[in-house]
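Structures incoming, each one as structure tokens.
Two complexes follow with subunit A in common, the first pairing it with subunit B and the second with subunit C.
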Partner chain A sequence: MHWRLNRDRLTAILVILPSVIAILVFVYGFIGWTGWASTLNWNDMMPIPKGAILPKADFIQLDNYIRLFTVDQRFQIDLRNTIVFTVFFIGSCLFLGLGLAVLLDQKIRNEGFFRSIYLFPMAVSFIVTGVVWRWLLNPGSADSPVGVNQLLVNLGLPFLQSKWYTNPQALFILPDSPVGQFLHQVGLSAVTTPNFGISVAMLSVVLAAVWQMSGYTMALYLAGLRGVPDELREAARVDGANEVQIYQQVIMPLLRPITLSAVIILGHISLKIFDLISAMTGPGPAFATDVPAYYMFDTVFRGNHFARGAAIAIILLVSVAVLVVPYLVNAIRTEVHR
Partner chain B sequence: MSAGNHRAVRPSRILLYFVLILAAGFFLMPVYILVVTSLKSYADVNLATMWALPKQISLDSFLSAWNGDPSKGTIGLSNNFMNSMKLAIPATILSAIVGSLNGYVLAKWKFPGANFIFALILFGMFIPYQSILIPLMLTLQAWGKALRPLLENVQAWQVPIYLEWIKNLVQTYVPAYGTIGGLMIVHVIYGIPITTLIFRNYYAEIPDELLEAGKIDGAGFWGLYRYVLFPLSVPGFVVVIIWEFQSIWNEFLFAVVLTNNAASQPITVALNNLAGSYIVEWNVQMAGALLAALPTLLIFIVLGRYFMRGLLAGSLKG
Partner chain C sequence: MKKNLLVLTGLLIVLTMILSACAAPAAPEEPAAPAPEEPAAPAMKTPVEVFSWWTTGGEANGLQKLIDQFNAAHPDAEVINAAVAGGAGSNAKAVLKTRMLGGDPPDSFQVHMGHELVDTWVKTDYMEPLDDVYSTYGFNDAFAPGVLAIVSYEGKPYSVPVNIHRANVLWFNKAVFEANGLTAEDVSTFEGFKAAAEKLNAAGITPLALGDNGPWAATHLFETVLAGTLGAEKYIGLWDCTTDWNGPEVKQALENFKMMLGYINEDHTALSWDQANQQVIDGKAAMTIMGDWANGDYIAKNFEGYGWASPPGNTGIFDALSDSFGLPKNSKNPALMKEFLGVLGSKQGQEDFNILKGSICARTDCDYSKFNAYLQGSAEAWKTDTIVPSLAHGAAASEGWLTSINDLMPTFVTGGDVAAAQAALVQAAADSGACK
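And now, the complex of A and B:
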């Protein structure tokens, strides 16, 4: 089949051309600009000369990046927080999502009703979620607890009260514990500092994020479960498998691609999380709930550290790309083959 | 069928429903506190009894969130609610039209390199917007500077009072830093990947034979779109419109960076400011949150099925 330009085909190209140009400029051009800016010594207000797109700042190669990874305490805390958030957020969403999907798959009466209740938080802005959970997880004081703490007291479970997101502590491996001593001996004593710990306050943000996204994970799994042919379950039953074995040995392996999609989708949300932090806690005590996306916003739009912010943005982009590009390439390939 | 088929409720079923209801309680807890707090009168609002039902139904907090409180110098969310409408509705319609045309071209008028162009567009979907935020702000500021003479010109127009709205319209939608129009353009541009993806996949399902028949009847690019594709597009449009509306309504990052003045800020930014303010009581913050959530919640309740389809398609969007 030979493609030859004609009037209609030209029209088609002209129709899509503005979008392609917009994407080239606003996505690729702007990413290029940010990458370039991240190599400049541009960390205060500088005028941009007429006709230029960047100020006359010195080219300092990768100094902004090196500074972030070596001397910038805040950024290192942010990296720790992002890892903690990502691990707990993805883990909880997968666990809760799969659990709820399996339960809903048991021929539940009013299944649609339950499904909607688990799913509706997706329709709400992270800002709304943040504002509400800020009050729910406001610890109040010992005498007059607020929010969830108050509810726990009302339910006769006062020992479950927590300082939630106001807790500045980090859980980490103590240097004089057996594990800590072992790590010291193998030259990993850095691991026994709070920088490699779990920020307790971050777990409160995880709770709010899980509230918002676990229903979505459930919907993904439920769609997967509905795709498992009944004959397969029937065949396993005939072979003498019980219900638990059917899930373990027949259904779970079939859900693996869904877990992969869910990890990628949730992972890319957690790497970029900004709205929820902004509305719920901000950077928190001792940056306990700070994340790179929030730091970037703070340092550029409040501190005029443009190049540092650009460097953080590029680090974010690269980390998301590492996660998503292989998945996307694979998806497009199968799409084209179809 | 097994032998003992009479309907006895097994304990495992009871446990099953118990767990499902417990989970529902977790998801509904914030809604309960939002609704209960919003409906309490000022006299009834007390942090010490925040889980109690209202003694009487009152819209005090709602009205305070909507109108503001002049005695405290706070302005209400009504203006920001309308800003979000003025932003989300036209941006959604424009996005849907652009996406539909792009999808049509990429599904039915494949040119050499069309798949590459599609991948190029798709990549823009998942980028963290931090990576384009600084040049985006500078660009909109530059547009604002370039368009200022025009705006001043418009300001100076002597128009009859019944044409005043044209002046307002121009000021609202001029594409610049700090205007609703600027934010709208941004949402349309960064909405291109997702809307194009949804429509392309939707149109790919429509058999080529339908178009061939139209071509034999002499229809060209626009004729085929107008008479064959567009009439079949309604479900695609519903999915895209719902998805775009909810994501623009709920969006925060672009809004907080690109609108610097209270007069043009969407509701997410205003709510975030409200929640960060120490002079605004918590019950008013709750009512504000409910207000900000209401439009998209209503859409979810009424059109949940289409909502889900958009979610599955758009889950990787920035």
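And now, the complex of A and C:
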């Protein structure tokens, strides 16, 4: 195709140019800056010369990254926590969101009322959620429980009390259990340490996050369910499918794109989560609720380890990109096909 | 249609230009914005921005008193109190660093005297020396020589300290102590502490309240244990590594720390220091080890049944920290700011401020007759005890070193692995670059 600069094209280019420049500078420029900073030995406060954008620090290649993955205990715990949080957060949100959406789709009375109730937590910021759940899940002590624990005692269910986010333990596969022994034999004995366990305290944070985001997932699914034409259900019924089969064979496959979108949206929230952790628990006992984004803040602004923080930022960027880029590529490809 | 689009584009470009042209001069005009609200005041007051993390209670009131003093003497200037909330300045310091690195420093900011000031800001060439302020206002004679040494770098002072806090105080609930037949002397050694804690445990009372929701509170407890185990001289030696971090004394300190952690409240990670203090007030816990800002907390909560003692091994040691204010390079009103620093260091200013803040003066000539009993005692101890710098509050070590030690606290408090903790301490000391 011959490309000519006519008036129409010129106008189009001029119109998008300001935002393209802004994005180049403020998004990609700063990503580049962070990447560059992460290769410097800028792990203390240093003067930035006038006119320069980085201090004169030694270039140390990937040492900051190597340090994070080899000697830095806290970062490795953070990675474990992020995986635990992501899996439980996305899983619970999808399960609850779909469940609520299916229930609301049964043409019940006052649907709008319930829809709003389930959706409202999303309108609250993670900071508010964090503070409130911090109070609710404060365990108090055995003699004088507070918050949810007190409620459980008053309901006559004291055995359900928990240490919530103050629990330093991790659930992991015991080395002398049958599964642990099998793992040991196949050379995976590292998996039978707390480093590969599920931090119990993190599940309290998951509880708060799910409270906030499951309503949003419900809204996504509800929109998807409304998009399923009644004709398809009717046709399935005519073919002799019962209600369960209709959901299994007809509706669920049609909701797959919704599930994918929900996983992408929830996934990028959970990988980058900072505000909820910061307001609710901080790093927690033995870093049980610490996440990379929180560590990044700590190490940069409290410890002056700017380059190490930049390295964490780049690792977070890559991990989100791994999740989002295939989705974008797929989305663009299907659009072109249309 | 095309024409319309062109016109629209043209308008957009013009608008962008106007906006970008506006951006530069807009900033200096901003401070003048409050003027219409108070038409009686002179049109242009020169703003002087003071940055701190004092937002609540006595400390905020104390700072306001100093600001009022300055404003009264300078009708043409106005101090803007740019405070960012958050315990021990955790959030304020983050905001400050972005502003300093971005070349937009406040006229003055709160900084802990010692390594936090010197390592983070002075060595890196972000601060103006204050020798002229010190000579103009006679601060060289007014402050104790020890204080002068801590705020100075290569012979020049770089900040004006407004107060002295003591970090190593053991606070206890008098009624609980009496009911269990305990006195302040009983807990002055680690053995004594252990015996007392066992007694309290048997009586169903939490012996020691800790609120390490922010890990610094655990570091704070640890530094008192370090000082109490090693003694003042060897404790000071830790910070230039003349005391061996890998030695048996540090190991003993970790053992003592572990012993004390065996007697803390279960929900310690859910609490902040003042919530832990509340347990002492409520009589649920017997003791807590916290700086003397806890005294202000008792006063604010109208609780009188508290007593204080030296933490185990800390008799005769004054673990000090100080809030001070410095002058960054490239600040907008250095001349006015220097006058404000003069107010901060004045006798009147320090007396007014410290009564409200609940700390003692950095000056040696304050009149303590108006201060409460605890502060009078603290002022006496300041003269007679051996002064050591606080770790958790920026005096003893650089921020990077402190963060590394803070980072090993949550693991040690829950796990109690002495060997691993000592190895991490050795590593942190080596990384800090303070040991040559």
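Here is the rule we go by: the second predicted complex is superposed on the first by the 315 of 338 C-alpha atoms of A that agree within 3 Å, B and C clash if a C-alpha of one lies under 4 Å from a C-alpha of the other, contacts with A are read in each partner's own complex, and residues count from 1 in each chain.
Going forward, a residue touches a chain if its C-beta (ideal position, glycine included) is under 8 Å from a C-beta of that chain, and two chains touch if they have at least 3 such contacts.
The structure displayed is predicted, hence computed values, not measured ones.
Enquirer: Report clash or fit for the pair subunit B and subunit C bound to subunit A in the combined superposed model.
Expert: clash
Enquirer: Just subunit B (first), just subunit C (second), both, or neither: which does A:202 touch?
Expert: It touches nothing on subunit B or subunit C.
Enquirer: Mind working out whether A:311 is in touch with subunit B, subunit C, both or neither, as first, second, both or neither?
Expert: In the superposition, A:311 touches no partner, neither subunit B nor subunit C.
Enquirer: One more residue to check, A:284. First (subunit B), second (subunit C), both or neither?
Expert: A:284: touches subunit C, not subunit B.
Enquirer: Figure out whether A:263 sits in contact with subunit B (first) or subunit C (second), or with both, or with neither.
Expert: neither
Enquirer: For A:15, using the defined touch cut-off, is the partner it touches subunit B, subunit C, both, or neither? Pick first, second, both or neither.
Expert: In the superposed model, A:15 contacts both subunit B and subunit C.
Enquirer: Of the two partner chains, subunit B (first) and subunit C (second), which one does A:40 touch, if any: first, second, both, or neither?
Expert: So A:40 meets neither subunit B nor subunit C here.
Enquirer: Just subunit B (first), just subunit C (second), both, or neither: which does A:30 touch?
Expert: So A:30 only meets subunit B here.
Enquirer: Given the touch rule stated above, what does A:94 touch, subunit B (first), subunit C (second), both, or neither?
Expert: A:94: touches no partner chain.
Enquirer: Touch check for A:166: first (subunit B), second (subunit C), both, or neither?
Expert: second
Enquirer: Residues of subunit A touched: more by subunit B or subunit C?
Expert: Subunit A has more residues touched by B than by the other partner.
Enquirer: Give the one stretch of subunit C, out of 2-10, 236-244 or 398-406, that collides with subunit B after superposing.
Expert: Between subunit C and subunit B, the clashing stretch is 2-10.
Enquirer: Which residues of subunit A are in contact with subunit B in one complex and with subunit C in the other?
Expert: Shared contact residues on subunit A (touching subunit B in one complex, subunit C in the other): 7-8, 11, 15, 48, 134, 140, 144, 282, 297, 301.
Enquirer: Where on subunit A is subunit B touching in the complex?
Expert: It is residues 3, 7-9, 11-13, 15-16, 19-20, 22-24, 26-27, 29-31, 33-34, 37, 48, 53, 96, 100, 103-104, 106, 108, 114, 116-136, 140, 144, 146-147, 150-151, 154, 211, 215-216, 219-220, 223, 264-265, 268, 271-272, 274-275, 278-279, 282, 293, 296-297, 300-301, 306, 309-310, 312-314, 316-317, 320, 324, 328, 332, 336 of subunit A that touch subunit B.
Enquirer: In the complex of these two chains, what residues of subunit B are touching subunit A?
Expert: Going by the criterion above, the answer is residues 16-17, 19-20, 23-24, 26-30, 33-34, 47-48, 50-51, 98, 101-102, 104-106, 109, 111-112, 115, 117-124, 126-136, 138, 189-190, 192-193, 196, 220-222, 246, 249-253, 256-257, 268, 271-272, 275-276, 282, 285-286, 288-289, 292-293, 296-297, 299-301, 304, 307-308, 311-312, 315-316, 318.
Enquirer: Please name which positions on subunit A make contact with subunit C in the complex.
Expert: 7-8, 11, 14-15, 18, 43-48, 73-74, 134, 138-144, 163-166, 168, 281-287, 297-299, 301-305
Enquirer: Would you pull the subunit C residues touching subunit A in the complex into a rising list?
Expert: Where subunit C meets subunit A, its residues are 2, 5-6, 8-9, 12-13, 16, 90, 93-94, 97, 101, 119-121, 124-126, 204, 206, 213-215, 265-270, 284, 398-400, 402-404, 406-407, 410-411, 413-415, 433.
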